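Next, two complexes with subunit A in common: one pairs it with subunit B, the other with subunit C.
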Partner chain A sequence: MAYRTHLDDLWEQQIRPDGRTPHELRNITCQMGIFHPQASGSASFNIGNTKVMAAVYGPHEVRSSQKKHHNPDKMIINCEYSSATFSSNERKSSTKADRKSMEISSNLRSVMEHIIIPDIFPGSQIDVYVELLQDDGGSYSACINAATLALVDAGIPIRDYAVAITATMSHSVCMVDINAQERGQCAELTIGVLAQSNEIIVLELANLLQNFYLKDVLDEGIKGCAAIYKILEEAVRQKFNKMEQSLV
Partner chain B sequence: MSRNQEGEAPLISGGSRRQVSLFDLRVRDEFANDEAKGSAPVSRAANYVTPGTIVTKEMGFMRGHGTFVNPSDQSLVASVVGAVERVNRLVTVRGIGGVYYGEVGDVVVGRITKVMQKRWKVDINGRLDGILLLSSINLPTGELRRRSAEDELGMREVLKEGDVISAEIQSVYNDGSLALHTRSVKYGKLGPGTLVKVPSSIIKRRKNHIHNLPCGVSVILGNNGYVWISPLPNGRMPGTNLEEEDADGKNTVLEEIRITKADRMAVARLKNCIAALSKSWLPIYDTSLMYAYEASTKYECGELLRPDVMQEIGELVRQQMALEGAGS
Partner chain C sequence: MAEVLLSEEEKYYLVLGVAQDIRVDGRSRLDYRSGDVEVNTVTNSHGSVRIRLAETDVIVAAKVDLGVPKTETPNQGIIKFLVDCSPTASPDFEGRGGDQLAETICRILSSTYAKSSSINLKSLCIVPKEFCYIVDVDILVLQCGGNLLDVIAMGVKACLGTCEIPRASGTRYDLGKPVPVFSKDEFQFDYLDVSKAPVIVTLPRVGRYFVVDATLEEESCSKGKLAIGVAPDGSITSVDKLGKACYQVRSIAASVQMAAKVGVDVNKVLSDRINKLKLSKLHSAKPWPPKPEEGMDVE
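Up next, the complex of A and B:
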């Protein structure tokens, strides 16, 4: 028989290892314009101990090597994700793009391509750089939120906010916003939606989840996304109030 | 919402009444009339939208900057953060920051990125590089003639990659890229100085964008958000455009220019002032610059980089501008 720990006792009262209730998000702070004025748009997004920064450059003339086979009526969206050497428990030996970060880059790019109004700047390029500073679970969803905020900050026309969160089911209870400790013990479903239409644009599952739980977990995640959208919106609104007077 | 109703009334024709616009879509002068009549002035905050907000579900409006039409229900949706504005049928969202589009006649500051056949490509902070044709510049010698193959070969002697120029927008091409010209003594290659980048939207459009400030420094406030600060009058590099002669008819040569420490300090101070204005999102034009400069004099130049000092200067300038607004 496995040992019974104090965590199990807590869980009986539906309290998660870090003291949250199942539907509670970690503390979220976000800030726009952290690289103002070097980048066209930038933002930081912190959820609990997960910290992400994003910067958007452009639109500008196409300057990458893609130029050669680039259709002048199309727009290039370039997305680069990287994680700091000190971001996770084990120190990474090199900062070079590994397979995992390349995958995240390409996933992020497809999200960006989905929300940016297609080909609104023909012949131009938009660069999105996302840096993970600290990983305590839900880093990919944090990246999506940070990148969205940076796009808004840059004034790039987008259809809607892309917001994302993680969710799971454990002991038949739905939980949102999985931290690194919980991630080791259960499945992790990353859910990204368009904030207004609730259209699902990202769905990524790590580990196994029984399929009859999927709907509940999804619903929980979409609720979590709505909560995050509110927080992002608040940050945007604050920034607008600050800038309003220069609208002459 | 009641305000929306009255604003809408003249717009609606026929049976589209059922859908009420979510925003006050009156034309600008309607606002002005209402304010003159003494009704409460409409704040921009009331017209705030964020990407994904439906501006109107009515038909018959034109999609302007910062909006798009949702293909599923044909509603007009905002795509950037800003305030909704309407000019006749055209609905736009005026955002802050964002992309510099450029208008004919704008003064811009840019950096040469490429020398091409008969043209230079110039980074002007837009979505595409600006194009400066060989035929749209004044030759250094000041001759007026057709540009020959020799001129083409010597293009790099006139402007090379990395040079900073000031120019005016001559026209806008079909693809949205901007054609520049420097055919005036005001424009051309820039001499020693500092380039500051700010959001293009906070540069206030004025009649004049090139100022020789009383603090002995000249600034070029590019509409594109690039600001050039230089200790030389008009910021220009001598000997690169015609009519360089000064009063006694002799050309100033670069070697003769002496930039003193005081000049450099003034340039650095002004650069910090512009950074402070940009950080507080205050409009940048000659008056606001002078206010900021005056407010900065009680600090050492280096102290101006401190966030609290920047904020204080922003606050002082804001008060000054409010005073000025009240006086006029």
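Up next, the complex of A and C:
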């Protein structure tokens, strides 16, 4: 190795730049019902310094702007992702939706359409709004987790939890949950799975990854997803236990 | 603005309650709801505040940048405001739906803070005509439960008050031009002086009476409102009329007086809170490595 730094020494001992081990997730806190009672369902999902909030409105009547080409037997799922102007280190100067956020919106919509039981409320609309407050890597996967929690909070019937995480391979070590600092140096694979059936519904790769590493990285990501699912499940159980107790 | 639909009977009930000085939630006309301010919600900004007043929920974050002063004010820094109404607050804000409201709030904030007495902009200047700080204050509306403008104004004041502005330790001369030099110690910063910064008191008129801190339901009973900027000493920095109501001169005079009275109290509470937040920040900041104490010095 031509340029050897102290970080390389850390890699050898399998310690990542922020001090985590390869399989360690950042601290996760999630909360449901943060926008109660205005939104039907809402949740916040923080993983490390990445902070996301999601709100679900509906099911409600289809709004007039979307009524034109709408089949009354179907249900409309509407997703909008927006990132706050202060979310990244470089400040965004306009509040307009850029191409990246439009892409995330449409991707998010396909995930939501996949997990919500189809056409259970014909002729109605469900709005899912996701707001990125701070981005420190893995924002798209955090959005998926937050949106899932918000859907559960709204009581909308879903087939399964969609959980997502990022994973990568660097210095011949498989790592899970990449932060912004690591993202600059290595490939980033965003993996989303349906928690119980373990079917992959999101797979997005940025940067270069050797193809014989792919399987290992995927396995690592799926393991990470299982860990996230546990945390989400815990949050949901806590909330509904509390509700149950208050009813008794 | 996010609106709720009320029937005539509900409106009647609300208006009658206000006339008897007992509002739906038990407050009198001049009472505020309870709220909370939290600092450092967004850690990659120089100062950030999440302020909640009942259901209204707003994040204000300030980022400080180096820039060139405006030519008409060569020895002053710049404070810019940008409001973003997130669709999480209401589906009406989806796409470009919230832009009009955002613009209105932005304009009111700028006009309220435009007075040179409210914040000493000269303290933001580093080298006249060449370098100054540009403070970008970004406001994100997460939830709208009535009285949005007041909450935003309070949040902006708290955010500016707790914003850490890097300290320029001096200037060096590069090709004969002065260039600021910043200290490398991240714990060396200055706070802006917000002791004269205004808050906004919005007074919607419900029936025949003005109320303070209206809920969404009360706002839907009023046709228009007056947004009055009040400085801590009780002086009025701005008056804006919003909505389609008409007022008599007499009632405007009365409402301005009322706003001044309420505004002084709000300013006082907020200033206390800002000072407390600054103290708590001071305790949480631990410079590493710690400086050796004087008694422990080896002679």
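Methods note: the second predicted complex is superposed on the first by the 240 of 248 C-alpha atoms of A that agree within 3 Å, B and C clash if a C-alpha of one lies under 4 Å from a C-alpha of the other, contacts with A are read in each partner's own complex, and residues count from 1 in each chain.
As a convention for this text, a contact is a pair of C-beta atoms (placed from the backbone, for glycine too) under 8 Å apart; a residue touches a chain by one contact, two chains touch by 3 or more.
What you see is a predicted model, and the numbers here were worked out from it, not measured in a lab.
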| item | value |
| --- | --- |
| Partners on subunit A (subunit B, subunit C) - clash or fit | clash |
| Partner chain in contact with A:80 - subunit B first, subunit C second, else both or neither | second |
| Touching partner for A:127 - first (subunit B), second (subunit C), both, neither | second |
| First, second, both or neither for A:39, with subunit B first and subunit C second | second |
| Contacts of A:161 with subunit B and subunit C, given as first, second, both or neither | first |
| Touched partner set for A:221, first subunit B, second subunit C, both or neither | neither |
| First, second, both or neither for A:152, with subunit B first and subunit C second | first |
| Touching partner for A:237 - first (subunit B), second (subunit C), both, neither | first |
| Touching partner for A:192 - first (subunit B), second (subunit C), both, neither | neither |
| Touched subunit A residues, subunit B compared with subunit C | B |
| Where subunit C runs into subunit B (options 3-11, 39-47 or 75-83) | 3-11 |
| Footprint overlap on subunit A, where subunit B in one structure and subunit C in the other make contact | 37-38 |
| Residue numbers on subunit A that touch subunit B, as the complex places them | 36-38, 40-41, 58-61, 72, 117, 121-124, 152-161, 194-197, 233, 236-237, 239-248 |
| Interfacial residue positions of subunit A with respect to subunit C in the complex | 35, 37-39, 42, 49, 51, 53-55, 57, 63, 78, 80, 82, 84-89, 91, 93, 95-97, 127, 129, 131, 133-134, 136 |
| Touch list for subunit C against partner subunit A, complex | 41-45, 48, 55, 57, 59, 61, 63, 65, 82, 84, 86-91, 94-96, 99, 102, 136, 138, 140, 142-145 |
| Subunit A partner contacts - residues on subunit B that touch it in the complex | 44-45, 48, 50-53, 66, 68, 77, 79-83, 94-99, 113, 121, 123, 126-129, 175-177, 197-199, 201-202, 204, 278-279, 281-283, 318 |
